[in-house]
Every structure is written in structure tokens, then in C-alpha cells.
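Have a look at this one.
The chains carry the letters A, B, C, D, E and F, assigned in the order they are written, with residues numbered from 1 in each.
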Amino acid sequence: MSNEIIAELHKDYIYNLMVKQEREDGRAFDQYRELVIETNVINKAEGSARVRLGDTHVVVGVKIQPGTPFPDTPDQGVIITNLELIPLASPVFESGPPREDAIELARVVDRGIRESQCIDLSKLCVTAGEKVWMVFIDVHVLDDGGNIMDAASFGAVAALLTAKLPNKRYDLGEDAPVPMRNVPVSVTAVEIGGSIMLDPSLNEESIAGTKLTVTSNQEGDVSAMQKSGVQPLTTEQINYIVDMAIEKAKEIREKFLVI
Amino acid sequence: MSKPEKLIEDGIRIDVRRADALRHIKIEVGVLNRADGSCYFEFGGNKVMAAVYGPREVHPRHMQKSNSAVVRYRYNMASFSVEDRKRPGPDRRSIEVSKVSREALEPVIFQEYFPRSAIDIFVEILQADAGTRTAGINAASIALADAGIPMKSLISACAVGKVDDTLVLDLNKDEDNYGQADMPIAMTPDGRITLIQMDGHLTKDEFKEAIEMAKTGCLAIHELQKAALTEKYSAQMEGVNNEQ
Amino acid sequence: MSNEIIAELHKDYIYNLMVKQEREDGRAFDQYRELVIETNVINKAEGSARVRLGDTHVVVGVKIQPGTPFPDTPDQGVIITNLELIPLASPVFESGPPREDAIELARVVDRGIRESQCIDLSKLCVTAGEKVWMVFIDVHVLDDGGNIMDAASFGAVAALLTAKLPNKRYDLGEDAPVPMRNVPVSVTAVEIGGSIMLDPSLNEESIAGTKLTVTSNQEGDVSAMQKSGVQPLTTEQINYIVDMAIEKAKEIREKFLVI
Amino acid sequence: MSKPEKLIEDGIRIDVRRADALRHIKIEVGVLNRADGSCYFEFGGNKVMAAVYGPREVHPRHMQKSNSAVVRYRYNMASFSVEDRKRPGPDRRSIEVSKVSREALEPVIFQEYFPRSAIDIFVEILQADAGTRTAGINAASIALADAGIPMKSLISACAVGKVDDTLVLDLNKDEDNYGQADMPIAMTPDGRITLIQMDGHLTKDEFKEAIEMAKTGCLAIHELQKAALTEKYSAQMEGVNNEQ
Amino acid sequence: MSNEIIAELHKDYIYNLMVKQEREDGRAFDQYRELVIETNVINKAEGSARVRLGDTHVVVGVKIQPGTPFPDTPDQGVIITNLELIPLASPVFESGPPREDAIELARVVDRGIRESQCIDLSKLCVTAGEKVWMVFIDVHVLDDGGNIMDAASFGAVAALLTAKLPNKRYDLGEDAPVPMRNVPVSVTAVEIGGSIMLDPSLNEESIAGTKLTVTSNQEGDVSAMQKSGVQPLTTEQINYIVDMAIEKAKEIREKFLVI
Amino acid sequence: MSKPEKLIEDGIRIDVRRADALRHIKIEVGVLNRADGSCYFEFGGNKVMAAVYGPREVHPRHMQKSNSAVVRYRYNMASFSVEDRKRPGPDRRSIEVSKVSREALEPVIFQEYFPRSAIDIFVEILQADAGTRTAGINAASIALADAGIPMKSLISACAVGKVDDTLVLDLNKDEDNYGQADMPIAMTPDGRITLIQMDGHLTKDEFKEAIEMAKTGCLAIHELQKAALTEKYSAQMEGVNNEQ
């Protein structure tokens, strides 16, 4: 709870720094906090990753099981993304079914993956109309230090990049990698007092009026976008963020290529 | 239906619109008796009813804010509004749509005028045809005005999409199903964007063009919204126009 | 909320009128408010109707899908009736799962249709024991001006009378009308201060101790009945309402024959 | 079982009753220790336990009424009470039955004696055999008296139905399943009807005959209810009888 | 509610008795209250029992239906135990889904039956991998006079001992008894002020810091055990209870052999 | 995998342990920023994160105790922690585990120091491999100390089981699946047992031997817990050790 009070006291301080074009932790406006991605951290999962982005800490597990396809896409696998803001991760998270914040986060992570078509869903079909692979992406947030959005998204992509289709377990031959054909990268910006900055810390997030998340693919095109928060943005601000996000995504994508 | 071979032929879309044309819009203001404000809105095949209650007491109490009204938005699809019957009750999609729709409207509501009270916005989708969230926001914006809630301006919303590599305004259902991108936007009449979401594939240049296209669409809708309100409240509208 | 306060103030007024054999809106005790039924208002539904009964406004959609029959009736279609009192329709309705009032309304609408046997369920069988038509009747109340019961019931019957079995969509031949063989009509009465009157307005409903709904078929026989509310009724009152309801149903039934 | 060829033969029903006969009734008063009042009631194959708690504090508080007690009624079927195991917890049917049962009893309870308090009635169906709601109301009425809740009178309930075109009192399970109409009724000893529901098919004349038949059945049950209470509280019952 | 207040007043009294090695109702520390078990009390159930243990009163029904086996045990029947603390049984029980107390009781009853292997689950297989018997044990508590745990357990075992597999109903031949090969008996002890006593009454239960339930089989071996409550126990106390429970179980088991 | 022919051969278990050996344990203290205290605990293949918040305000209010803190414990398995994906949210098993785990820790917490407040313990099972509840209790006990909650002592927990008719300490997954008995135990360093559960089959003598075996295991774990805390808080630990 004390964290909350400190955050409150920091608000003015951060705001005042912003005016001087500075951030509390000394970062440049387009600079991310330290990002550490470890993969294969959960051996019961078909793919997994632990992401530490500054003080934020998430674990993503990918479980893959056979299931029935949707009637309108009989020859395509299914992606289901779930994210829980468990009370272990923050004094302000509560037990119970996911609320709108968690649902929004899960759906934006999901769209970043789905809309970038980074997974070739047609290769997740075992028997058309009958059996396809169901890919469950479960994001477990352990410590909320701000910008869960990007940490979750990085974790999901990293877990997928190392995930295996468990063919052997279901007598379908040898295990094979999940058919990934792109590496979408989500970049989140906030607007505070007219300034735009990337990768908000918890304190920055708490005083920002609005967030904009832009997911771009390795061709540098936009796959998904989400504004979250009450403060309006101008077209100029949005265009500025999109340009910045596409550049920053290229830099972050390098991290995935060495996984 | 399965994917049509072409969604655009000679610049004309399957519903005989040009790329930058909106679908037919029909607006009825103040159609419900119980609600403090209401609006029935048709947007192509979308049929949407919005109602506003408030400012009124907040239940449960712990949701009260001491220095402003709390705005709540419930987007709900009728079971019969879609091809395959929808189970009644909120699902993850409708919870997200409710959230971003609320955030699209909050910036123009003078919430600080009504501490400890609630402004409740209910949007029912009676028939769905791509664009229900933007139809809902357009309707809700009018219902707020009809309820006499003090607002800085109206909010107008529409989507831009990409089909057959062409940017088009206000996607219909087939364009939504088989298109390459969908980007709903809501904005104030002076161009401040209060909602933007996107999925699919847009190059950076397409994106920038798309956002301009959406602006044009929103401004056209704004004129229709004003006209509908003016028709009902020719006298009272004076004040609202001045505020804009 | 102001509506609620007005209703409160009206109570004495209405009660006093009642004693003088008058109703607030000048209607005779056996007179319904203006009733307007439009059909085919929702093209995504297999059948639909909009009903305005005075200030009350409901939309009913009928969705028809193939499904599995119940084990004990393998050759009969299934009717499922749902009614929601959504918070858009009244300041006193709340979000969340249906409460006892909504459930009672749905079940009485359902029984009026089911028990009058107006739908020939055996004709809703596609393959005995395997596939039958599931008829979902969803009542959406948009404005509560009193007597939702009858408005919902009229809407359900009107929507069914114009509904189609979507054979084409499921490769089962040409679309065909829902096999209707009767037109049940629900008539609701209230007792206020010893007087009986039909089709209560919101104000009348709020001061009535009890309601009695009588659904009769086109032969003039009773198919379903429900007393709702705490005030007891005498046998004489019930018999009087049943006679009145059967007569009034004949009049209202005319509205359906022109759909 | 499948539908028997005849449900009535020579005026005799499949359980060897005449058309106007009730099934066997067994009543035990005050059988539970924790409840303030209780009643075990067998009605044909129905086995029902009713308990009453109150007047007691209301939780949650916002359900309190400032000028009277709130009466709550929970009708619940045990999972094992029916042929096919029932999932535990309330379903739509039990919610409706609880509502109409509560309304059947409220008119005789002096609720105004206990402002801000609750009178809770719990009815558990341990074995079901057509007529569980009337069995529950009969049991609950006795449990209320056993709890010492001031009442204007007892409430008695039974059903009338139509099988093989004949009106019969107190349907059994087969008559309920294969009959033509079912009409449960609850009433005060002086004939005021506090619950009536009907489904099936009755002509106007049959309906009027049925309601008289139900009255006769309810009065017979009322005598059994009184006798059971008298047996337990010979002295205290004096007062209750005077109140009627 | 008055019961609760009385219980409160009794606490000191009972505690003081304990010190004098006495119990409120005059029982010896290892003595059970009067135990009456009736079976076949619910004819809609495949097996049933009513248990009265002092003031405690439970009814247990066993329903048996065909169902699908779990994938990892394709040739074994399924046991599902459910227990509800319905508000009819005590002023402190509430409506709604089972809470931790009810869930713990159900699971301990279940383990007593499952872990003693008293039911031969392999004999509940109809067609391996496809159809097995599902045995639903539903415990309905009607009156809470203390030690629901043992009453529920006795009721479950008694109901099973008289339950029939409903072969006839499902065209599988003649009805047959549930294949029981042992009679597990649960014995619950409490510790109050250093003394150990069996079968706590409601008052004793309310002042006891902890309960230990030991289920033993007819060979005198332990099948299941559960400590419930905050007060720690020493090894000596636990061993003492285990010895006592095994002896007492032999005595109680006699009751079942005459069913 | 299917049942191995032998779970113990020449006194050596399938994971090359002797009967009385614990699996590998790894402890990290204070690994989370937001929580007031935390501990990451690996116990064989179990990976567990525990966090403690409090003493803090109680929501909802009616859960407050006027003369002590309320201790709450939430044991939760991540969907991906097990072979077959687990549906998110509490199930009956996790509710029972949460209850007995809370009761295992409450006796050592000075709850009376913090009336009207809550001490919340959250345990997330990230990877499960037999013994998650004991791993969780071990982790939670350290997280409580890390949060500075006054405690009489730490609590240590492990299971004893029976496989191939032999008592073994700290079952692994295969021993749990194919063994004959499983008995998790939690205790204070001075041997007072705060959690004991058992299922399977143990003779009276085996039971008594098993409980002694568990004690030895718990004491070994206690040393590791102390060491991990000492490492982090060499100075502050003085006080805690004195309290024990």
C-alpha cells in the first residue's frame, strides 16, 4: 500500500521533470527499461518465457492441446489468450474473474499475435473440421512495475517462438516448432503534459492520461493498435507515436532473434 | 456467404458505395419514456438503442467519486442481433467495447459538475452489421445530449478499413469479414481522437491516410447528429452549439 | 428516477379515481392501451416483432438453430424463452443475471406458448433423436411502461407467426414457416381497491396488490394462468377475470391475423 | 415409464384413488433443533422438510424494510430427489417456485410486527413426486406457526388437474407427466386464493369446476395441518384458532 | 440466533467441565452420541441413508448414472461427492455455492471412501473408455448439532452399502449392488484444554481449537486423515487420536453390518 | 508415463534419492517489488512464488475482526503449471488447500497485534510436481518473515509417503501418482504440527514412523529457510531467532 502513497507523492515530481524533458529514472523519452527475456522456464508448458521489463515481471506459458476447430474455420488452429492480474502482483489487483483492464490487456496481446498473422494457423490443422491444435497463451503477471502491456506481449511472442507442438504425446509423430512466420512487437507510449514517452514506469503510467499501444511486424507495418485511457490524442501525436513505435520495435525485435 | 472474388470493382464496393462513402444513417432522438435521454440509431444494417440515466445516485456506494461523476457504459448485444444466436450477458468482447466506448465519451462530459453521482449509458445492439461500437458511440453521444448532460461537444465515430488493398470508409459486414484491416475511430468535432483501435495490416502511409479518411467520416456524422438534435430541440440546441 | 417519485405521488390519485370507476388515462376497465405490432424488424433473426403497448416497448427476436433433442422427447423440437429486464428500460432494472421478476415473466411467456401447443413441436424434428430445431425466443424490453407481461407475450407470438425455419442455411431444403396451429393470447388484469382492470399502466401496476395473467387459445379455452403478487383473490374475482380475459383475447387476436 | 393407455378406469386412478381423493399425508412438527420452527411433510411420494428462522437480522442490510419484516423463501430440490440427478443450486424453475410460494404465504404473516427484520423460510425437497410446491407451502405454513410467527391463518395448498378428460385432485407423477392440465392452488381457510398457476388445457367450465375441487382439497389439508399443530401444542393453539 | 447466544454462554461451562474430565452431556471422552442409521429413505435415489448422530441430522442420497470415464482411468467408474451446508440446517449457514467448510467436508468424506478403496471402481466399468458408472454421493445436512463430518461419512457409507447399479433402467441386465469391499469409518476428535474427546457436540466444536478426523478400514489401517482448525497438535496427541479412532471405528462398524 | 515396474530398487528411488532424502530446494527471498514480502521457492520440480501484503485494510469491511488481524491465503495454480492445461480460477481442490495452508500458518502469526487489519498471503504455483501445498507453505512462511510480520517461528512443511511398501520422504510426481499413501505435514521447529492430511493406506505402525520421518524433513527445510532469510537479513534475523 505504501507504494501507492509514494506513487501519489511522485506525481508532481514526475510531471515537473517532464516539463524539463526528463524522466524520473533518467531515461530518454524513447528509451525502454532493461529488458530480460528467458525462455523455457516452465517445463510443463509447451512453450514459456519469463520477462523482466524494469520492475515488471511476467511469466507466460503456452499450452498446446488438440481440440475441435470453429465451424467457420475448419482447417485452422485456435489461439486463446488469457491474462490474469492476480493479487500477488499488486496491492490494487483483486481476486476473482478478470475485470476490464485484464480483459483489455489479454485482447490486445491476442490481437497483436493474431492480426500480425505471425502464427500460420493453417499449419495447426491436424484433421480438417475435426481436430486442430488449440494454442493457449496464459500470461501470469507477478509484479506490476508498469507497462504490463508490452511485457506480456514480449512474453507471449517469446514463448511461442520456443514452443513445440506436442505431436509425440498425441501419437502424431515428432514434436515440431509452432509455425511462426513473423515477430510482432508491441510498443506502448504515454502522453504526459504534452510529451510522448515510451515504456511507462508504474509512476509514469499512474499520471498519464492515455496510453497508445502500436504493434508492428518485421516489415515495419502496423498490425494492431489500441488507445487506452480517457485523454484524447491529436492526429499528430498518434502519427508521431506510430513512427516511433515502428523504429523501436526493430530494436526490440533483435532480442527475439537470439532466443 | 463465402469470400466474394472482389470486394471493390471499378472503385465501387459490393453495396454500391464509393470508397469514401458512409452507409445510410437514421437518427431518432428521445424515443424512450423511462430513460432521461435516448437515441435510436441506424447505421447501415446496425440498429442500436442508447439510453442515458443520470446524474443519479451511485450503487454500490464504494464506486462513488468524491469530486466527479462516475460514467458507466454498458454495451450489450441482443441475442438475436447476430447470425448465430449470442448467449445473453456480457462476454470479453463486450466488456472491452464498453471500456473503450466509455473512454471515448468521458473527455467531453463535465463530470466534475456532479460529484458523487453516476451517469449511466446503456447501449443495446438490436441488429449488428459491422461497426456496432461506432454506432453505439454515435447514439450514446446524442442520448447524453438528450438527457441534458453538460458536454463540451458531441462525439462522432466511424471506422476506416482496407479491402482489396484499398482504404474504404465505414466497413460493411463482408468488408469486415474479408478485409485486410479495420480501424474504428471516435473524435471530437475539432479532431481530437478519443478512441482508436486497429487490427489487420496497414503500412505507415496507409495508416496516415486512413486516419484522415476517418476524420472526414466523423465530421459528416457530426452534422447528422447535430441536425437530429436540432430538429428535436431547435431552441435548446443554441447553448450546445456555443459550447462547441 | 423522477418517474419513480411521480409514480409515488400518483398512487393516491389513481386509487381515488378507481373508487369513482375511472382510470388515470380515461380508459374503460376492460380497455387496452394502443397496441402496435410490427414484424420482421430484425433481419438477423428468423422471426421478430416490435410491440408498443402504450408506453411499453419490447422487441422480440426468434432465432432457430439445429440442436439435439431432449432424451425423453427425441422427436420434438425445443423451445427456449428468455427475457431480460435490461437497465436501459427502467431506472429500477439492474445489470446482471435475470432475477425472479424476469424469470417469472420469461416462464409465463414460455408456458403460454408451450401449453397452448400453438407450435407443432413434432414438425420441428429433423432426425429423431439426433437433430431438431431449437427455437430461441428472446424478449428484449426497451421501455417499461407497465404490463410487460402481455407486451412480451404478444411479441413472442407475432415473431413466431412470421418466423422461418432456416432450412436453406443448413442444406435442408427451402425455408418454411414455423408450424403454428393456434394463436394464444395473454391477458393480464390487476385488482386495485376491489376493482378489476385490464392492461395495467406502470402507475396502476405499482399500486396493484396482485396481477393475474390468463392465456387463452382461439377456441376460447384456458392454456395458462399465473397469479403474481401478494394480495389474495377470491374465486369470484378469478372467475370474473377469466371470463373477461377470454373475451378480450378474441379482440386482440384479430391483430395477429393481419400480420 | 411410458404413457399408460388409461390414467383413469371406471373412475379409479392408477394409484387406486378416486378423482377427488388426496394422496396420503404425514406431518411431523418441530423436527429440527437449530431452526426456530420446522415441519417434515410427506404428500404421496413427496418428502419435504421446511424450516423457519426469524424474526432475525437482515443480511445484507439494504434488503431491510423500515416498516415491516422481509419474508424470504428458498425452495430447493436435493440432487437425489428426482429420477435424473439434479445439479445442486437454484435454477430458473426453483427461483419462480420460490417467488410464488413466498407470495402464497406473505398475506397471512403479520409482517408489520417486525420492522427491519427477516423471516426466512427454507424448503428442501428430499423426494419429489408431483406437487412439490404445494407440499412445500403446506409444510412452510406449519413451520411458520411452529416458529411462533404471528399469522392470520394457515395456508393450505394442493393441485387439481385433468387426465383422460376428467378433473382430478392432487396429481401424482404419471398424471402430471401425461395429463392435460395442472393447476396448483394455495388458499386461506376462508377461501381467499394466495397462489394460482395453471398450464395445459381447460375449458372455462372445467376451470370453474377445478377451482371448487381445489378448495375442497385445501380445506381437507387444513384440517390435517391444524391437527398436527394441535397435537404438538394443544395449549398454545387456542390463540391461533381464535385469530382465524 | 438464540442457539448461538446459548453456545456462547456454554463455552466457559464446558471448558470448566473439561478440566474436571467431564462432558456437558455426561458422555465419556471416547463415547459417541446416540447413532441411528436408516437406509433406503429416498426411493428416487439408487441408495440413501438418514443419519442422526445426537442432534445432528443428515440425509445422503446416492445417484448412479452412466457417463464417460476420465481419459487416464478409462476402465474405472467415477465417484463425485458433494455436500451442501444449506441454510435450513443452521442459522450460520448461507445460501450460495459451497464455501471452504462445505468443500473441505465433502472432500474428506470423498477421500475416506476413495482412499479406503471400499468401492471396486474397476467393477463400475461398462465399456472401457466409453461408458462407466458415475456415482454421485450427495450429502444434505438438515440439522447441525456438531460433528457433521462423521455423520456425513457414516451416511455416505450406509447409502453405498444399500445402493444398486440401475442396470435395468439402462438396458444392461439386472440391477446389482454397488461393489463394496470394505467399510471405512471416520472418527473425529477434538482437543479442548489439553483433553482429547471424540464426536464433539455443537458446543464442544465451537470451543475446540482443532479437529482431527481419522478414517480407518476394517483391517484397522488408516485410509485418510484431516486436521482442521488453527490449534497445533503434538505428535503424541495425534498418535493417541489415531489409536482411539481405530478402536472406536471397530465399534461403529458393527452398525453397518446389520444394515 | 505409465506406472514403472518398480518405484524403489535397492533402496534407491527413480530420481536417485534415498528413502529419507529431500529433493533439491532453492530459495530466493524478497524477489517482488510490489509485495510487502515475497519468496520464490523451488522444491524438486515445483516452482512457487509467494507474496505477502499487510497488515493492511480489510475489504470487504464485514470480514474485519475487532481484536485481531484476519489472515487470508490464496493458493492458485497457473494454467500452464500442469500437464493438462488447468482452467483459470479457484476449484474445489485449491479452496481446500488454501484453507489448510492458512491454518498451518495462523498459529505462528501474532494476529492480535493488528486488530481490524488483513494479512494476505498469495501463493502461485508456476510449475507443479507433487508437493505444491508444502512448497507453498514453505514459501509463504518466508514471505511472511520478509514482510516483517511478527511470528513466533517459521513453519516448515513436507510430505511423507509410501511406495512399494516403503516409507519415503518428499514424494515426487510418479511416487505420488503410483504410490500407496501421501501425508503432507507442516510444523513449527519445536515439533507442533499445524497441518496434517493423509490419504492412501498406512498401518498404525507405519503411520507413527511416517510422522517421525516428516519431522526430520521439516527440520532440514527449516534450516534452509533460516539460511535464506539470514543471507538476506543477517542483521535483522537476530530478533527472529531470539523469538523462536
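Just so it is clear, a residue touches a chain if its C-beta (ideal position, glycine included) is under 8 Å from a C-beta of that chain, and two chains touch if they have at least 3 such contacts.
Remember, predicted model here, so these are calculated numbers, not experimental data.
For the pair chain A and chain B, there is no chain touching both partners. Note on connectivity: the fewest steps through touching chains from chain A to chain E is 2. Taking each chain's centre as the mean of its CA atoms, F is the chain most distant from chain C.
One inter-chain figure worth recording: chain D and chain E are separated by 32 Å, centre to centre, where each centre is the mean of the chain's CA atoms.
The distance from the centre of chain C to the centre of chain F, each centre being the mean of the chain's C-alpha atoms, comes to 58 Å.
If touching chains are joined by edges, the resulting network of the protein chains shown is one closed cycle, each chain touching exactly two neighbours.
With the ring opened at chain B and read toward chain C, the chains come in the order B, C, D, E, F, A.
Residues 1, 3, 42-45, 48, 55, 57, 59, 61-63, 65, 82, 84, 86-91, 95, 97, 136, 138, 140, 142-145 of chain A are the ones that touch chain F when the two sit in their complex.
Those residues of chain B lying in contact with chain A across their complex are 92-93, 95-96, 98-100, 103, 106-107, 183, 187-188, 191-204, 207-208, 211-212, 215. In the complex of the two chains, the chain D residues touching chain E come out as 32-35, 45, 47, 49-51, 53, 56-57, 74, 76, 78-85, 88-89, 120, 122-124, 126-128. The touching residues of chain A, counted against chain B in their complex, run 98, 100, 103-104, 106-107, 111, 114-115, 212, 217, 220-235, 238-239, 242-243, 246.
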